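These notes concern the structure reproduced below.
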């Protein structure tokens, strides 16, 4: 396996344009994310933040323009790109009938092992005693943290997060922010949307507001 | 992680989920039984008529039961976000789809196969045809799951998916039905069945190689 | 080859398509009227009555070309689907979705006329003839494509989803057809008599070919009209549409 932990991040969206339901969301939008950077997408509801994130992940193709990973369009290097990134969207992306432990074990087999073991990852998101309970018994905040544990289980350098703080209480938010700080200090990169004020102390913070122009 | 390991892991995951949602296994079986029981009630219990119809009725019931269960291939994964995670995993999506379809067949198709001879007896099917019945279902029900997966992949995000799904998938099921039922009929009359079974096997080979790819592209479109 | 590809890609541009189709339509319509009138007159009036079936055979002048169109249009749709998915041409999915209702209509006409043809011969309105049964399944496939397109809300996804479905169908249609033909021989069903092929007398053949050509022209005309409407709807906000609407 290539040295994922030490690879650099370079994601570049070039002049992308997207319409949804006959409404132009954005056009001629270019943005670049490199190691150590955090891009925060802001804007009112419906301005296309989630759509832009999904375009950056490769889930949706832009109507015009392209997204490149280290200079190569992501359609061409899809497997490589997806090994370097993790996405946590609105939905948690975990099976409710399985335990947190089982969910993460499956994830590791599909995506490859990282520095942290599954137990360490669950400890880091403070689900220490809860790893053997089927997820549907957990509270909303705990479910969200279980979903976010996927960030630690692989060595992916680029985190793409859609409203990561949903359902989290104050301690939960601080916990996730500290994880993000650690990630950025280790030369990881981060793209996220958030309604909440985000307090990050590490990394270069860029903001993009989709409500303007 | 190698593709094979990922395939096995996803297959195990889906089987584990099926075990924890036991009702899902029972429903298609009950439906299968009910449909077959309805036929004598509808057309009369005249033994010769029922025996003549038995191959077709069992096959149509199997087809409808398969149709009923298709939605479960991707529905829960779509709703909890694990489906989009599969699209973003570094594993080839068509192999991941194949793992899910295999799990689906093991949980829904295989039980039908095992129960079919008992139900065929209710319709007076000749015992000479039982072996062929099971063999034709063994070859045919995976094809129903595979082709059905394409239909579900196309409709997974839609609101009234069930209605459209039947319309999309039933014409594609017709060849399997024709050859499956014909094989059983031939066996009941003592005629050779090799030709029909070989054709079913050919359908299975085609479906195994093409359906996962088509379903994968359909999933990408549905989740964009 | 290169200049063909360039010309071919021009069709992918909505304003070009709109302009050129607008110029072609009057000519196509004229040609359609001529071939239709000739076909109908020569087939219904001039051609001699069939010695077996009398005058009822004349329905082939509608039934056979309609059946051909059902298949022909599907092939066009499959080609458009391939172009849309592989070369990402914008107009291809417009052609696809504009053609689907026309194909469905022809399949339906083929079914109805086939059924009408069967009535004087066998006394029943419907026979499970191999061709009619195949045609019925083809109609369902068309309806499935139309249903899927209207169910998917996002236009980009709708075009691509129907393209995938069309391609899945094109692989399956020959399989379905031959399965049904085989099934029919097994159960010794009746066959709607085929009056095409070299055995057909020229007075019968020419009107048939003319009707087939007329139906193809009809398809192109209606498809273009529908596609032009669709293109305008999709591109309402673009400059060329605003100029077209405002400038004239």
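All chains are identified by letter, namely A, B and C, in their written order; residue positions are counted from 1 within each chain.
Quick note on the criterion: a residue touches a chain if its C-beta (ideal position, glycine included) is under 8 Å from a C-beta of that chain, and two chains touch if they have at least 3 such contacts.
Nothing here was measured: the structure is a model prediction, and the numbers come from that model.
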item	value
Comparison of A-B and A-C by number of C-beta pairs in contact, larger one	A-B
Chain nearest the global centroid, as defined over all protein CA atoms shown	B
Maximum centroid distance from subunit C, chain identifier (CA atoms)	A
Centre distance in Å when subunit B and subunit C are each reduced to the mean of their C-alpha atoms	32
Separation of subunit A from subunit B, taking each centre as the mean of its C-alpha atoms, in whole Å	37
Chain centre separation (subunit A, subunit C; CA means) in Å	48
In subunit B, residues with contacts to at least two other chains	224
Residue list for subunit C, restricted to those that touch at least two other chains	154, 156
Of all residues in subunit A, those that touch subunit B in their complex	54, 57-61, 79-80, 82-83, 85, 87, 89-98, 102, 106-113, 134
Footprint of subunit C on subunit B - complex, ascending	150, 154-155, 157-160, 164, 167-168, 170-172, 174-175, 178-179, 182, 203, 210, 214, 217-218, 221-222, 224
Complex contacts: residues of subunit C adjacent to subunit A	153-156, 237
Subunit B to subunit A touching residues, read off their complex	1, 5-6, 9-10, 13, 16-17, 20-21, 76, 79-82, 84-92, 96, 223-224
Subunit B-facing residues of subunit C, complex	85, 137-138, 140-141, 143-144, 147-148, 151-152, 154, 156-157, 160-161, 164-165, 167-169, 171-172, 175-176, 179-180, 182-183, 186
